[in-house]
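Structures for review follow.
One chain, chain A, links the two complexes that follow: it is found with chain B in the first and with chain C in the second.
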Partner chain A sequence: MTAAAHPGEAPAPTGFFSSDRFAGYLLTAAVLLPMLAFLVLPLSAILLYSLRGPGGIGLENFTHTFGAPRFWTLVVNSVVMSVVSTVGTVVLAYGYAYGLARAKVPFTGLWRIVALLPLFAPSLVQAQGLILLVGRNGVFNRFLGFDIDIYGFWGVVISNLLAAFPYAFLILSAALAVADGRLYESAEALGARPLRIFRTVTLPATRYGIAAACFVSFTLVITDFGNPMVIGGDFNVLATEVYNQVIGQAQFGLGAVIGVVLLLPAALGKIIEKRIARKQHALITAQSKPLVIRPALGRDVAWSAFVVAVGVLIISVLAIVIVASFVRLWPYNMTLTLRHYEFDVQNGTAPIWNSIFVSFASAIAGVALAGLCAIVVQKVRTPLSGPLSLMAILPSAVPGMVLGLGYVLAFNAAANPLNVLYGSFALIIILNVYYNHSQAFLITSTSLNQIGGSFDEASTMLGASMTRTLGKITLPLIWPTLLGVGVFYFMRSMVSLSAVIFLINPSTQVAAVSVLQLSDRGAVNQAAAFSVCIMAVVVGCLALVRLVLVATGHRNITLIR
Partner chain B sequence: MDLSIRGIVKRFGPLTALDSVSLDVPHGTFVCFLGPSGCGKTTLLRVIAGLELADAGEIRLGERDLSRTPARDRNFGVVFQSYSLFPNMSAAKNIAYGLECRGWSKPAIAERVEAMLKLIQLADHAHKLPAQLSGGQQQRVALARAIAPDPSLLLLDEPLSALDAKVREELRTEIRALQRRLGITTIMVTHDQEEAMSMADLVIVMNGGRIEQAGRPVDLYAAPQTTFVANFMGRMNLISVNIAADGRPVFAGMPLTLAGTAQATTRTLGIRPEAVWLLPAGAEGDNIFPATVREVVFLGNITRVAASPDAAPDTRLAIELHGAATAPAIGDAVAVALPAAALRVLT
Partner chain C sequence: MVTTGVKRALGAAALMVMLGGVARADTITVYTAYEEDEAAAFLAEAKKALPDVEVKMLRLSTGDLAARIIAESGNPQHDVLWGFAVTSMVDPRISGGLEAYKPVGVEAIPARFRDPGDKWFAVTGYMAALCVNKERIAAKGLKMPKSWADLTDPSFKGEVVMPNPASSGTGYIQIDSLLQMMGEEKGWAFLDALDKNVAQYIKSGSKPCNAASAGEYAVGASFELRAIKNIAEGFPIAMVIPSEGAGNELEANGLVAASKNKAAAKKFLDWTVSKAAANAYFSWKAIVTIPGGTMPDKFKAAGLPEDVSKVLFPVNFTAAANDRTRIIETWQKKYNR
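Our next item is the complex of A and B:
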């Protein structure tokens, strides 16, 4: 029976042109098209350039690169440095998280924040602080009579270790936070000593967390670029080599080859980590009861000492940078001054304002695009939903430097109509959006899952269109999460260096790059002042948003990730 | 307008959730889909609502084919198990939502919302958020929200299962009274046979994606056609029989007299515990067997007795004695009668 038989009734909209399906395809396109242009295209460009040599398409760049002994030195340097740094950071972070979760350490909340401090600054601040502590003109060598040579392998290892520490800590403290108290009680009742309980209960329950922390740290360290630049001296790694090839020698093809090489461990690590994360959940059942920590003097004192030692190390590396920013000329003239905050360097305070502007814009664009992507994947069922969700989490396997290089290769090309964006803030903002896309997407998806689909269905059955449901129901329910995503974007964009380094020109200078350039030039105090400004802006933003959330009654939103 | 459903098929991957389901719901009736979890009752409700798209089949309301109509254009009201009241809106705002979607004028909405709140006796709670209301109040608001836009069909998806027993009973009566008053065709999904029997004009018993039996509650109870329905709607004794050459079923070595007729393929007869008679030992007649008492459980208003026919000691017949009957003791020799009128042929 068709509607024509009932002149009194309007025909119900069906097929493609029903408004909901139309809106669905429109939203899908709004998410998919920029993703193709700004994620898939740059990554394809890397692969393409790595295959394009002077003699046409082929493996020439690869054979050229792999044939050079220098390349294999860099590979060995990168891998050994990353392994040592990863082992160190995971061991320290495990002990730190274990002490906080399983012993009675005073001021637990404070020490948790201390563990996360390195996230508030560009990673190369670690190298900066380390040089001020134990460098040629550092506190130890200069004033305490030591003779330490920190430049090179160990400097890079330690600064990367500190930079990766909060990431490992977040994973491990989550793994240690959940524990089935019954297991510990039965182990104790069976007469197991603490060491045996640790070996047979704690370690097996957290081994997935350990593995995940290892992969995340390794990926971060092997692709980090700022620390080896600042403290590496003659010690070169793959990440710095990409920079040298591309910026120093304009060898895009060779840079792209190393980019592909760096993509491999990152992507592999991501896949393994995802597999592992899936298994972690089944450990706790509804019948589990939480583990209660009873005071034990000896154990508590020992763990407190360990936590304080690591915490003080983290603080002192950052604190020395703050101190250096306030003295006239480290280490020769230690009188206090504010002159480095006058920023009478090239560009003045512009890089800081640029950073704030770029980060703010990235936060807004990121919330819109990644949030919309999560909504489209969950709420709009089209044949494209599957590929879309895969693409949405793709960036988590792409090192920032590789993506940044992809942007240069894709948007510096005259054939690309989008090349008008090259050299503008817009492209830097877009890069930030897609570099951090997967985490923002996953945070929003989780929040949408927690709300569930029943409100949508209720709204639909009451006659609401998809866009009305989105505006009246979904968005009002998830805004605190979206605010959290915005903060995440803001923080990451303020501190990220390796992703944007290729896209910077003098008129689009951001603060993290200023730190690198000033350190490179030996302007230690000014570099420190820039770092302090970045940290102050990040902390200020966190405090402000936390205040808004508390004032509106949303206490359980995680801001630091 | 009558609702007519023809040959609905719904598959989820390899699983067939609905296997060619057809049924008719006359205008103004209250229908219950009853069955265990996974029987397809909720899927059928969701297909009718338009929240799931059927792989095959047709849904008609009156003369209108709704099979391809998007859910939001069907003008059906739904109440979900989890209430699904919008947590960011007050009770009044929740009720107004469907009216806003239909573009009602502000004064008309205000008037309708007020009438609805009065109808569910929550006029004082108009501006409370869902979190400030009790479970029963939330479900009443959900009901008001569903019927406010005057839907042509009301769908209730286990609306009472999240509530505690006392509130559930109150709401049962309230929903039924409201449905009668508004004369709105209503379909409710439930797994609670008592709920279905006490509320519905028509009960559809579902199992494994098919309709097992449909009928008035009293017919389903008195005359179940399958062992599944017999067991799902209360308790029933199942008696294994063989069919003799003359076509009569034989139990414990004795041919049984039936009110109906057995088929050559009949293997099981059913009889309700309260329909079995307990007689003194030595009683004789059609369908009467000498038996031994195995178990006696006193429950106040009724006494449950289990007895086994002496010729079929593996069969235990459950018998319910009402009032202050003088119950036998375990081991007593008795006789049990299976009245022909109460014996049902089951498939």
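Our next item is the complex of A and C:
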């Protein structure tokens, strides 16, 4: 689809054009070229700062950083916090996704949306919700007589659990969505108990999803500075140090050093991904029968209880912010009022429309680019697949502010022909696509990995070209996942801020910036009210898409797989 | 063919929208770190006074804006830098992009609030202030503090929050003014004592006051405007200006050397030192360096003296900027926060 974007390529002879090799390289180029321009270039632009010290080009910044004992404390803090958060997140999200996919839990669709709530609530809202709930003057302490002090390590872990949960859920849900019923039937026929079936059938079949979910959660929490800043107290991590250096003291060089260090988990993740993908066996093959979930009272009640418990936790953090946004002065004056909804911020609620446009465009561009990237990496084997898949998961290891500043450096440069994009919505949309690229790529890859090669083989043996196989076999099988990826992009683009803040200008204000402006000037309740409006818009858009699906006869397609 | 034409027109229109419109001749872009509501109020006044100049304003916090300006310095996108912290303004990577300009009427600003090279001039400022939650100190049986020294009393242990100087300019100016005031040796000893009572150093200049307002802690060290606003909002807090003398930061304006519309940019800068601007500043700012206007009643009601110069510590801003890296490194080493 982006093939037309390379006018430099001469028209190929028909025979070569139809050959799979050529099509493979063309698809690879369609993914690789924009990635080089919009990911590798800006990242290099900012990371080069790590080599620029006060004494000229060299490793001075690295030796200075690695020589400080403080740095190593931060490394330990970051790793321990991220491991604990990741394990917690993946266990909870696996249970939640498993319950929804493999037991009969009532209102499945509702619980799927609940799982995604933290995605489209600005992170500010969640931190505020936690403090209203379990802060020193929060509901538990003030009204219920507890004595909790949330600030510190556990505060960060809990807020990160919430923040990473939907990402892990989306991936694990894609991994659990499909299963070969025959395997389960034969296991049952052989008298295996449920736990043994889980260990020998389900768990191995979802190992790629688990690894991807671990990777996404880990990189997400290790690069996030928002939660540690609000609820971490004096518990510092590498990401907050990047913030200190870059925003606090305008020391790009030292910030970039830590940016480089934070890329290590991505490289490590890539190696692990490769090993796991090799061991993964496809769940769906040409002979598969869909797994039919039969009611089982004990199991269903147990999983329902688990799903409800987790879901209620997620809801309560947001619900308290919504309630507080309708209260005159929480917790001192509890009379109800709409005064926080009289937004006197620059441009009022108009930026929400900009955000809808930007998010919708990001969803389309994101599905096209990240989805195609996953297909190219998983289904089109070229020597470039390896480097491509590393680049595809790189963005999640980059703190938003590092990527945002990289965009400024790369696209504001007079020498860059792409600098016409600077200051436009187009660049913000592209930034959204690549900032969230890893998650979208991994969700699609997980789904692709569940589809066996026998489909492709059959199709190829019947004489279909690779592109035809992709169009006729692969896309129809994974398009519900791609729809979910679009929803994911839409939600993230409505609220993410840390990278976008460096690209907005007076004409391209988006809603998340309005929330920040309000919160910066102390109007915390107005900021919460504004966030509630954003969330309402997202829910409205989801409902609209759902309506379109039903109206076009796709009643059975879920928006979130 | 008609459809192709329509498609083209639509495509062109979409491209125009995507590229953010075309700039008019007398359009200038102003970057500011004033808080969003005060910036909006000032801008409304500026538009009244300058009907022929279209001002496009981008407001970001000081740290975000400094990072952005430095990253954009190869190809600056703004014409005027407005209301930007002096200790960041003197960073050579930022002041290097400015051009000397003396607006009409700049003499009204005392020379110590102006760059000797005329690259910037400060018209407004803010100062350190403590937000004290009256409900919480009553519940904990604490005495209303009057000074920084009062906060070192053991009874305040775990009840004080301050901004982290490594991430917040307000936080830095608070500790640096104490160091300048007492001399470094005594100053660090005092910070040692204060540190024993500090529950956490929050990574923003305004959040400590919000935390005290929400009742999370008894005392939040912040700046005066946030305290005044939160009092007006109805939070049960009192504003205390530390009796030792309040550290303060100036907000300065300057002309960007790369501006393509200097005539309009200069008109705007002239306005920033005008009588009309002064009147607007006075309704939002406790520190205004040019004459005009009077302090609003809510400032006085919140506890500000009419003549704030009496409670301000005369900060040496150049020294503050030069010492920044060293002091923050020492601070991080000592307190490991």
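Miscellaneous remarks
Basically, the second predicted complex is superposed on the first by the 311 of 561 C-alpha atoms of A that agree within 3 Å, B and C clash if a C-alpha of one lies under 4 Å from a C-alpha of the other, contacts with A are read in each partner's own complex, and residues count from 1 in each chain.
The criterion applied here is as follows: contacts are C-beta pairs under 8 Å (C-beta built on N, C-alpha and C of every residue); 3 or more make two chains touch, one makes a residue touch a chain.
This is a predicted model, so every value here is computed, not measured.
Within the superposed three-chain model, A:126 lies out of touch with both chain B and chain C [touch as defined at top]. By the document's definition of touching, of the two partners only chain C reaches A:248; chain B does not.
Of the two partner chains placed by the overlay, only chain C lies in contact with A:504; chain B stays clear of it. In the superposition on chain A, contact is made by A:460 with chain B only, not with chain C.
When both complexes are overlaid on chain A, the residue A:20 reaches chain B alone and has no touch with chain C. Contact with chain B, but none with chain C, is seen for A:477 once the two complexes are overlaid on the shared chain. In the superposition on chain A, the chain among chain B and chain C reaching more residues of chain A is C.
Of the two partner chains placed around the shared chain by superposition, chain C is the only one that A:520 touches, whereas chain B remains out of contact.
Contacts of A:468 after superposition on the shared chain: chain B is touched, whereas chain C is not. Residues 49, 51, 60, 63-66, 68-73, 75-78, 80, 82, 84-88, 97-98, 101-102, 145-146, 149, 155 of chain B touch chain A in their complex.
Note for the complex: chain A touches chain C at residues 70, 73, 131, 135-137, 142, 151, 229-230, 233-234, 236, 240, 243-244, 246-252, 328-329, 331-333, 344-346, 401, 405, 408-409, 412-414, 419-426, 501-502, 504-508, 517-518, 520-524. Taken together, the chain C residues at the contact with chain A in this complex read 17-21, 29, 35-37, 40, 56-61, 63-64, 66-68, 70-72, 74-75, 77, 88, 91, 93, 135-136, 164, 166-168, 199-204, 206-207, 209-210, 214-217, 226, 229-230, 233-236, 324-325, 328, 332-333, 336-337. Of all residues in chain A, only 1, 5-6, 9, 12-15, 18, 20, 454-455, 457-465, 468, 472-473, 476-477 touch chain B in the complex they form.
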